[in-house]
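In the two complexes that follow, chain A is the common piece, with chain B as its partner first and chain C second.
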Partner chain A sequence: MPLLEVEGLKTHFFGKRSVTKAVDGVSFTLDHGEILGIVGESGSGKSVTSLSLMRLVDHPGRVVAGSIRFEGRDLLTLSREEMRKLRGRRMSMIFQEPGTSMNPVLTVGFQIGEAIRSHERVEPAEVRRRTMELMEMVGIPDAKQRLNQYPHQFSGGMLQRLMIAMGLALSPSLLIADEPVTALDVTIQAQILDLLKDLRDTTNAAVLLITHDMGVVAETCDRVVVMYLGAIVEEAPVETLFDDPKHPYTQGLLGSIPSIEEKVEWLQAIPGTIPNANEIPTGCRFSNRCPKVMDVCHTVDPALEFVGEGHRVACHLYTETEDRDV
Partner chain B sequence: MTRYIIRRVLVGIPILFLVVTLVFFAFRLIPGDAARILAGDEAPIERVEQIRRDLGLDRPVLVQYANYLGDLFRGDLGTSFSSRRPVTVEIGSRFWNTFSLALASITLATILGIAMGVISALYRGKLADHVVTILALLGISVPVFWLGLLMMQLFSVQLGWLPAAGYGTWRHFVMPTIALSVFSIAFITRMTRSSLLETIQQDYVRTARAKGVVERLVLLLLSLRNALLPVTIVVGLRFGYMVGGAVITEEVFAWPGLGRLLILSVAQRDIPLVQGLLLVFATSFVIVNLLVDLLYAFLDPRIRHR
Partner chain C sequence: MSDLLLDVRGLVKEFPVEGSKDVVHAVSSVDLSVQRGETLGLVGESGCGKTTMGRLVLRLIDPTAGSVIINGQDLGSLSREKLRKVRSTMQIIFQNPFASLNPRMSVEEILMRPMRIHLRIAGAERSKRVDELLEKVGLRPEHRSRYPHEFSGGQRQRIAIARALAVEPAFLVLDEPTSALDVSVQAQILNLLRRLQQDLGLTYLFISHDLSAVRHMSDRIAVMYLGKVVELADSETLFAAPKHPYTRALMSSIPVTNPRLRRERVRLTGDIPSPINLPSGCAFRTRCPWAEQRCTREEPALLDERDADREHLVACHFVDQIVSSEAPTP
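Up next is the complex of A and B:
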């Protein structure tokens, strides 16, 4: 049984006049110790998906359909208190901006220890000892002194390490990382990604890595889910996705990365911009930007179907012709 | 931290000097002759001149200013024209009356204001929030003298529970304290509410929730510390005003404090006394601000380490 099984997840935001379908029927699974990447442009619903898993979507947003099976339990049926007990203990989350994601007026030691104190009754000295261990684990030197320092005394990379320490304080089986390196320098990015991979190897925690950066995906993930406008358009093991992308959107995403080997005159970019999530085109949601658009794309929303080993894609280019004869 | 304190104290000195100078010269510019007022309308011109010489008002303004500054450095604020007693004694005998009233009022305002602000933020958009918001609006708009008169009418005249005016027992404190604090209660309430609602949306609050910190109460207490940072400034400013600006409240309730003394001394053109009072007001304001800064630095490590 997979660690996490998301089925038909829909998270909508209810505005005064319109409903924004930020996540509109997303299904995927995640195994123990696996690193799954969710990629997409901003507005594709990847962050809302991760917040939905933690049940941290704020008003006016709400999960309206689907199930999230985690360690055998459907998270959407749990009470608030049961859910709280899971957060930080069995599943935790780190965020994009380490600088604003920590409380500026509390010491980092207090904030890491808070994760422990929220779930276990432990002596203060024991909390301190474990906090120091965690800080050393994520590679922060002089943990004993730095424990009593405040967030503004750390660099962005160090803060993200602290966030990871906080997330892993109680050895959760799932770590959700929402754009964990986007706000960091490239050299620091590599260090943080290496740290995530190392910790996956030692703790066997699964990692759900949300990013818009194909480079980060290539470097870190085992498997990738590509999201567009609140839905999954392609899913594949990482090598497959880079070698043989099927969906025109994925091809566009990969084509817009400059290559060192090939010299190209024009960088291939996806035409247009991602529409608002409350203006999803009928039929295929990518139809208004797709370079290979067909008549059927404007009327029928393609289902996610297997095209190879662990490789699924939602595109009419790969569906059997029987649909089109009608 | 020590350097921070020293720097803040040093900044206060030029401010006070500026206040002393401005007040001194402002009083030489406004119309009204102290000697004439003291002598009385009927007094002959020789008598007026005599008084003017006694008070030293016949000398050039700059000489008066130099003498005044010299006295000030020796801790001598001069002698009141009207009572002939040292200004320090006049002010000293009433300072505590004003200060205790201000202290009672700011304590009440802080406790009630924060409590109401928290309730308002917790029940945002619900009935409790609307009730608190309307009360706060009333509190900000109601004139102190009118509120004072209403309370007197109700609690002193009709019910006979509280003395209408004067100074003495704790009963005398009740109405002036309420009158003086109503505006501040309302102001602190609104400030706490908006600050708290803003804080709750911060990324670090989401982080705390993602850690599984117990919702609602602990979350509120954790973010309250951050949210109260801007509130401390308001509390400090209001307290500064209360020490110096309780003029109307003191007048309404015949409270023997500095505010009433100010009105009296201005009416009599008692220049040394007015100057002394304004200096005391300015100094308390500077001190209160210094305390607020220190408290802020204590609460917010980012300032402490600058």
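Up next is the complex of A and C:
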């Protein structure tokens, strides 16, 4: 049984005049010890998906359909208190801006310790010992001294290490990382991605990595889900996705990244801009920007279908002709 | 040397630190030159001084020392009035198109204003040029009466580019022009910038932290670290055979979009030191896996270490040893 099984998840935001379907029917699974990437551009719904898993979606947003089975329980049926006990202990989350996720007037040692104290009854000396152990695990030198320092005394990369330490304090089985390296310099990014991979290897925690960066996906993930305007358009093992991308959006996304391997004169940009999430085109949501658009694409929303081992695509180019006539 | 557009000599910029005698060493004695029609890429991580360089080159801020010569004119020697005139030949595109356009001005007003200030042309002519500019950057005539908030990030960056082109500049500083944009939109803007360069013969200083974008756009690339240029070469050479240990680490840190190429990285330990207390000797030595005693004592000069016929400047005492060796594990 997979660790996490998301089925038909829909999270909508209810505005005064319109409903924004930020996440509109998303299904995927995640195994123990696996790193799954959710990749997409702004408005793809990747962050709202991760917040929905943690049940942290705020008013006026609401999960309106679907199920989230995690360690055998449907998170959407749990009470607030049951959910609170789960967060931090079994699943935890780190965010893009490590600086703004910490309290500036409390020492980092206190804040990491708090993650332990809020879920377990342990002696202060024990909290201190475990905090130091966590800081060492995520590669912070001189943990004993740095324990007593405040967030502003740490660099961005070090703060992200602290956030990871906090996230892993109670050995959760799932770590959700929402753009964990986007705010960091590239040499520091590499350090943090290496750390995430090392920690996965040592703790066997599953990682759900939310990112807009195909390079980060290629370097880090085992499997990838590509999202566009609230839905999954393609899902594949990481090598398959980069060797043989099927969806025109995935192809466009890969073609628009300048390569460091070879120099091309022109990049294959995707024409147009991403529509607002409350103006999703009818039929296929990518139809208004798709270079391979067909008549059927304007009327029928393609389902996510298998095209190979673990490889699913939502595109009429790959559906059987019989289906197309229906 | 008639095709030299920009020549920067010994440029230094120090910012005072409030309430102390310390200074931030943002740029420390940089020499650079840009040929007409060329794109020079300026790459480095946060705090390396690349943005300050862009501001200094346009004299949006005054240097602490050194000179900036554009078209043979030393900007430091010009009167205010003369400087204002020279400014119409050089423009800048900023990173954030949400902050760089006045939200209360229509696109038409945004584009006509620089023409009114810098060009002596009649109102009707200005208005006609607005349509031409919009077409050049891939927008439509009906966009002229709209306001910035009605546009997406990519379209706003197009407006910012049109505004820069309004005064017919020869030289553009592009300061992270696509960093705030989604990848699919970034590709559109990079393609647009390249086409404009070809059509109008523009010269670019392309500043970015994104090595793949810099490689894509630049003829030559200067790598900066803590206010200094540590390596400079044409982009093919730099990517094929980087020589400075920092450049090598930077390149091996870029996430490559090929999962079969998960490479062994030159791992850098630690963080970028504070630009207030620069390390003695080589500024990179605190993170360099090859650092030795000499690096602490002596600052390496930026010397030509070419293998072929093209210039390849490197500031490192141990270039020869490093190029032929793997990084020692820290």
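The definition used in the following text is that the second predicted complex is superposed on the first by the 320 of 326 C-alpha atoms of A that agree within 3 Å, B and C clash if a C-alpha of one lies under 4 Å from a C-alpha of the other, contacts with A are read in each partner's own complex, and residues count from 1 in each chain.
In this section, contacts are C-beta pairs under 8 Å (C-beta built on N, C-alpha and C of every residue); 3 or more make two chains touch, one makes a residue touch a chain.
Please read all numbers here as calculations on a predicted model, not as lab measurements.
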| item | value |
| --- | --- |
| Fit-or-clash call for chain B and chain C when the two complexes are aligned on chain A | fit |
| Chain A: partner with more touched residues, chain B or chain C | C |
| First, second, both or neither for A:Val238, with chain B first and chain C second | second |
| Which superposed partner A:Met166 touches (first chain B, second chain C, both, neither) | first |
| First, second, both or neither for A:Gln191, with chain B first and chain C second | second |
| Touching partner for A:Ser92 - first (chain B), second (chain C), both, neither | first |
| Touching partner for A:Arg84 - first (chain B), second (chain C), both, neither | first |
| Which superposed partner A:Val216 touches (first chain B, second chain C, both, neither) | second |
| Partner chain(s) touched by A:Gln153 [first = chain B, second = chain C, both, neither] | first |
| Least Cα gap, in Å, left between chain B and chain C after the two complexes are fitted on chain A | 9 |
| Set intersection of chain A contacts, chain C complex versus chain B complex | none |
| Residue numbers on chain A that touch chain C, as the complex places them | 41-42, 155, 157-158, 185-191, 193-194, 212-216, 218-221, 238-239, 242, 252-261, 263-271, 273-274 |
| In the complex with chain A, residue positions of chain B that touch it | 202-204, 206-215, 222, 225-226, 229, 299-302, 305 |
| Touching residues on chain A, where the partner in the complex is chain B | 54, 56, 80, 84-89, 92-93, 95, 97, 100-106, 111, 114-115, 118-119, 150, 152-153, 163, 166-167 |
| Interface residues, chain C side, partner chain A - complex | 45-46, 152, 154-155, 182-188, 190-191, 194, 209, 211-213, 215-217, 235-236, 239, 249-262, 265, 267-268, 271-272 |
